[in-house]
Amino acid sequence: MKSKLKSTFQQFTKPIQFQKKSKVQNLVPGEVTYVGDNDHVSTEIDLLSYNADDCETSTNLSVSEIKALVDAEPESIHWISFTGLKDVNQLTELGDVFKIHPLVLEDIANTKQRPKLDEFKDYIFFTLKMIYHNNSLVKEHFALIVGDNYVISFQENRYDDVLKFLRERIFLKKGRIRDAGSDYLFYAIVDAIVDNYYNIAETIELQTEALEDIILNHTENTSPQDIQILKRQILSVRKSVAPTKELINRLHQTDHKLFKLKTKRFLNDLYDHILQVTENIDIYRDIVWGLMDMYMSSTSNNMNQVMKVLTIMSTIFIPLTFIVGVYGMNFTYMPELDLKSAYYIVWTIMIVIALVLVIYFKRKKWF
Amino acid sequence: MKSKLKSTFQQFTKPIQFQKKSKVQNLVPGEVTYVGDNDHVSTEIDLLSYNADDCETSTNLSVSEIKALVDAEPESIHWISFTGLKDVNQLTELGDVFKIHPLVLEDIANTKQRPKLDEFKDYIFFTLKMIYHNNSLVKEHFALIVGDNYVISFQENRYDDVLKFLRERIFLKKGRIRDAGSDYLFYAIVDAIVDNYYNIAETIELQTEALEDIILNHTENTSPQDIQILKRQILSVRKSVAPTKELINRLHQTDHKLFKLKTKRFLNDLYDHILQVTENIDIYRDIVWGLMDMYMSSTSNNMNQVMKVLTIMSTIFIPLTFIVGVYGMNFTYMPELDLKSAYYIVWTIMIVIALVLVIYFKRKKWF
Amino acid sequence: MKSKLKSTFQQFTKPIQFQKKSKVQNLVPGEVTYVGDNDHVSTEIDLLSYNADDCETSTNLSVSEIKALVDAEPESIHWISFTGLKDVNQLTELGDVFKIHPLVLEDIANTKQRPKLDEFKDYIFFTLKMIYHNNSLVKEHFALIVGDNYVISFQENRYDDVLKFLRERIFLKKGRIRDAGSDYLFYAIVDAIVDNYYNIAETIELQTEALEDIILNHTENTSPQDIQILKRQILSVRKSVAPTKELINRLHQTDHKLFKLKTKRFLNDLYDHILQVTENIDIYRDIVWGLMDMYMSSTSNNMNQVMKVLTIMSTIFIPLTFIVGVYGMNFTYMPELDLKSAYYIVWTIMIVIALVLVIYFKRKKWF
Amino acid sequence: MKSKLKSTFQQFTKPIQFQKKSKVQNLVPGEVTYVGDNDHVSTEIDLLSYNADDCETSTNLSVSEIKALVDAEPESIHWISFTGLKDVNQLTELGDVFKIHPLVLEDIANTKQRPKLDEFKDYIFFTLKMIYHNNSLVKEHFALIVGDNYVISFQENRYDDVLKFLRERIFLKKGRIRDAGSDYLFYAIVDAIVDNYYNIAETIELQTEALEDIILNHTENTSPQDIQILKRQILSVRKSVAPTKELINRLHQTDHKLFKLKTKRFLNDLYDHILQVTENIDIYRDIVWGLMDMYMSSTSNNMNQVMKVLTIMSTIFIPLTFIVGVYGMNFTYMPELDLKSAYYIVWTIMIVIALVLVIYFKRKKWF
Amino acid sequence: MKSKLKSTFQQFTKPIQFQKKSKVQNLVPGEVTYVGDNDHVSTEIDLLSYNADDCETSTNLSVSEIKALVDAEPESIHWISFTGLKDVNQLTELGDVFKIHPLVLEDIANTKQRPKLDEFKDYIFFTLKMIYHNNSLVKEHFALIVGDNYVISFQENRYDDVLKFLRERIFLKKGRIRDAGSDYLFYAIVDAIVDNYYNIAETIELQTEALEDIILNHTENTSPQDIQILKRQILSVRKSVAPTKELINRLHQTDHKLFKLKTKRFLNDLYDHILQVTENIDIYRDIVWGLMDMYMSSTSNNMNQVMKVLTIMSTIFIPLTFIVGVYGMNFTYMPELDLKSAYYIVWTIMIVIALVLVIYFKRKKWF
């Protein structure tokens, strides 16, 4: 049982991939520089175009091909996936073609950018973190631009578990997505990412409970480090989720022309989801913050056990050792020494003392 | 006394039925999926129709029968009880007949939904948690839809203690309910659930006081786990009650046409009730959060007692044992050994030392 | 000194009379039920009528007599004291005669009601807690209704210390009260109750300082329980005072026709008073919350003293005891044993060792 | 070094003069009662009149003389200093002559009044605390009334260090004060008091750093009491400064006719000053709140040192003492006893054991 | 590894240069007094003038020369660098020439001034702290005045790392700066300083992680002092960054005529940057605040190890020493003494007891 708990705990606590050491502070405002660690991911632009009747995909297109395809079918909805942010030139080209503000391009390439919502006349820019469990907990920079008939999603990695099901729904005409506009596609992508936060919150819940159980029942198998790792994970997830909550709140109150009235109710629902995720995380934060106290209390209880054994042993034998010491003295004149039954009397006295002490400790509930 | 306290405490601390592991993340927005654990509860729809003069009930109806009965008496108030959320088809059918938005149906079936208030043109949707003590603390998903002449309540279980008395009042024409509209029925149902929160708050109060008493007087009978369980219970109850408070606040400020002016004062009163419950819970939260400190302090006090006994015993006997050791040495030339009264002198010295130390410890208040 | 402090502390810390176990949850909204514990206090209605010239009192009247007396002198101000809330019938009768809303009557009888302010067209309802020291700390439910020429005060007990001085002022024409209206009487009553909060805050101050002193200087005379009791007292007082503060703030901003402009400045002053009380309580809350740390630190310091004595004794005698043990060995060939001065040499060596250790500990500041 | 730190610390930590036990609760609203402790300070009214050209002072005037002098030169600015609040009659007389509201007079005499700002049609009332170091930390009640051509300052004591420099500036025509109106004089007085808060904040800073140093390096020279005293000082100062900050904020936003536009920028600057003081105090509050943890940690580290010495001594000598005990046994048949080299062998074994243990402890970094 | 961590930690933890003891409290409002410590830095005024085509610098000018140069080219943008605040006369002269309010000059010279934004009709005043790592962490007072065609920057030291790159960009026509107005130059300077905050936040991150690692793995190499120093650093940085955040928020919402619409988006971006810095600092604050607990827990764990060794040694040898004591007694009649195998039997018994105890401790997981 114990080892199972321990492994349950360890399974999730590989430390987070922090994107530490920034390559360079971006010094010229509006300069597009990729600061992430995924240099091995080559840039690829894919297109998924659909309307109520048709749905087709094309992969690995150039920016000009994309533009041509989007312009060719103004009535369809186009989901442009830009994966791998290393190739800043393609990003800039895309920015030129779709008339995107340079500061937005900077924020797309800057993988350390915190969640952000920026409304422009013709498009809305939204960036948040995609959080998923891929061996360890990964926080991936994810950006979205929504225009009147297109959505461009920017992703650092080729990880697709979170959005796979959404693509299926589009192909299979499941739900209302094929009949709705680019604003609904935008909502659906954000919703898929936020729904995945639930899984993360559940992982935190499982870890917390496993750790709590270890601390209470097998304190010797854990250390403050485990608590600290969990604390950091929660802080890290919270850091991304909390500002996203604020932004979705702003989003569902916006009156930007891109958002149709009936999409508003879905954004409201989305806000409700992220509110629930945040509350769950906060409850587990409260619990984890209390675990250090519990750990110290458990440690101190174990210590007490050790001390009690020492005390009982010492306290029983200290007077006895004194007594035998007394009769080890070499005085010429010690009347007891020559008594025939003295040895047995001393043993009796010692056993009585030991018993009295044992009973005293029993009464005090020391063992 | 002590064992009674302990049992008082244990009686309430069976851990909460957490609805952990969600069956499936609901991936298509607006898709109605039941995620709860009560698969054994079959779906049943009952109707309670009343006006100032008459009052009748019919049980186990189909959705179309319900619709017919409601339409037949437009002047009466109809309370439709939908119990058991497993049968999603009946729920969808009901949604179609009463023209309920798909996202609302999704929230009704999603038993993990946090408290929520949604106003539509023709009806208001409100979901909260029914919390009661049925062996252990149970948090049950409860949803309400109020239209102009009907109220539909959705419940996961067939547990009826909380609302039984309300049904009686309708039958017996007690209070003003038979003369009032659907808005007052809605208020009365929510009021019954909120009034029951008082019982939960009182249970928390009793548990806290019992635990506090155990920690102070019988520390050895408790463990940090007891405190942690109580913490979690309070966090869990608070998680449901706090957002409900916000919603009732919004409710009593709404200007939806369904709510008549004279019902407003009752909603105001309801808000007052839930405010009081929240304050009580928060006070006990504060107290429970301080219990861990008290526990550690008590444990540490006990430890001190143990250490003092060890110290007193050791400190008294250590010099004595040294003295008897001295006269156990086998030197050929030790003048004291041959003195006739030496043995008695040594005993006298040892008793004096012991007395001096005992008096010293008495002065220091060590025992 | 110490015992004086202790008694100073105990004098105030008789635990608060919590009105625990509610008799019954009030299930029908608007039903008037007395839930308090003072069943022995019989209901009595008194009247104090005054204007600039006259002032008369009549005691133990019926509701209809009251009504007649109030209607007879419309120009006078009438203070109706309703003492003892047990007799719900008289309360309902009074409610009928003065046209008071049933929910207000419910709140008057419900002694567990939190502070509340409710404005109606013809009267204002205000309920707060009268807190006083009568052997132990008592929190008494107190309600006020102010109309154009009358004020009705509802009180659970016949305790009169808080308001006695106000009655005297009316009789003796002290201050401006006899020339002012019912709004000023209302203000004067609330002011008397709030002024008494100062005494409570001062008691908390005295207790905190006494306890702090005990913890620092006589830790053995206290226990975490004392701190916990004080914490609870502060929480309990704060629970009543904090919402009252909010309500008085609302009160002095109201534009209800009953409140004349020149009374507003007095309400502003009242708000200032309760703000000051709240701030004082909060400062002592902060201090008391830190006392547990101080207690643990004091306890741990005492423990260190104990441990140091043990360590010093052990560390000095352990090597000495070893040395005497060496010369207690019975080897046939031990050259030192036969040396004539060996015994004295061993004593010298032992005294040197002991002195070295004593100096070492002195240097380390262990005693 | 150490003793210097200690004295630096003690120099400032004489406990604050709390104005405890109020003489009497002021029961009649608007009744002017002096509640302070400075009964020995006789009341004295001084006048400092100036305009751009002249500047004269007269001391120890009667209220009517003051009034005459103020009315005689309506174009000058008059600073009336009312020192010593004991003589309530003179205060009331002044109130009558300058038409001051009775509640304001009550607040002037009530030295326990919290900071307060009250705007009337013809004058503004402002009360705050003058905090200074005069042997111990003193918080003195200070009130100001500013009219169109006069400022009245009310002070409990004849302490003048804080305002002395301002008086000099008026005499010496330093800065713009002689050309400005009563609003600027008002600003200058408040500014002098607030500037003095910087000194207090700096004292707190010095004390905190001295205490921190003592705790880290000479834990045995301090006690939790020192931390508690510092905590209380900070709480006490903060209690006066924080509400003053709010009031100055309100002051610089007021549109009272008395304040000229160009004085506004100075009030804004004043607000900036008090904001900075508050922030500094709050930072030191944070640090002091952490000192108790540091103290406990230091204490516990010292304890560990003690325990390690005990453990090392015990653990080394316990097996050795056992060995010498073995050869102290009196068995007739113990072959080793008669070996010639046995004694030396035993010594060798014992030294080896001791060395092994010493090396083991060295490895464990125990000393 | 360990020593590397330690040095990583120490490298950054040289205590902050606190600008303690103020030289003099500035008593006359609007009097310009330099209060900083950099008396050795002589005042120097440089000018960098540029427009889309040209760019020239002149160093060490007098105030009148500056004025002449600025007036000569009204179409260019002039960046006036005022370095070294010691020479208050030049500062006042500059203030006269550019018509700057005396209170602003006071704030420029007052190096202890907190971040502040003040809008005047013709110019905007902004002061913040430049924080950089120059051996130790330095917080330098930095002030900016922006007019229609000039920006004046005031700096205490000649440290230029933070702004060097910005100057290069102007020279090299990198980015849009040469085509933009004085508002963009103002933005670019503030942006350079805020971007440098990232480096500071990253340093804090590295220190925290190094310290965390030391505490967990090499507790004996650290002390509460290290945690306290880090706490103070974070508090000190936060004290400067947090108000700057507020001011930049106000700045990007201002409608001052100096700020062109297209500069607004850049200020918005700037606000986003400082928000992210603040969030990072706050997360590390949370972590550092938890380190003391971790340290105490680690210390207490080490203590437990020490105690366990003591307990094991004592508990094993205490009964054995008692046994050998028994047979060291000198009773004439002790039958065992004469048994031939008694000595070996006693040894066997002792070894069995020792083994039993060792197994018992193994079971208890004590070693």
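Order of writing sets the labels: A, B, C, D and E. Residues in every chain begin at 1.
The working rule: a contact is a pair of C-beta atoms (placed from the backbone, for glycine too) under 8 Å apart; a residue touches a chain by one contact, two chains touch by 3 or more.
If you're wondering where the values come from, they're calculated on a predicted model, not measured in any experiment.
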item	value
Starting at chain C, fewest touch steps before arriving at chain E	2
Size of the rotation, in steps of 5 degrees, that lays the CA trace of chain B over chain C	70
Fraction-based call for chain B against chain A, same above half, different below	different
Between chain A and chain D, centroid-to-centroid distance (C-alpha), Å	43
Inter-chain centre distance, chain A versus chain E - centres from mean C-alpha coordinates, in Å	27
Where chain B touches two or more other chains, by residue	293, 296, 300, 303, 307, 310, 314, 321, 325, 328-330, 334
Category of the chain touch graph - line, ring, star, complete, other	ring
In the complex, chain E residues that touch chain D	20-22, 25-31, 101, 103, 112-114, 116, 118, 220, 223-225, 228, 231-232, 235-236, 239, 243, 289, 292-293, 295-296, 299-300, 302-303, 305-307, 309-310, 313-314, 317, 320-321, 324-325, 327-330, 334, 336-343, 346
Chain D partner contacts - residues on chain C that touch it in the complex	165-166, 169, 174-176, 187-188, 191-192, 195-196, 198-199, 202, 205, 212, 216, 265-266, 268-269, 272, 275-276, 279, 283, 286-287, 290, 293-294, 296-298, 300-301, 303-304, 307-308, 310-311, 314-315, 318-319, 321-322, 325-326, 328-334, 364-366
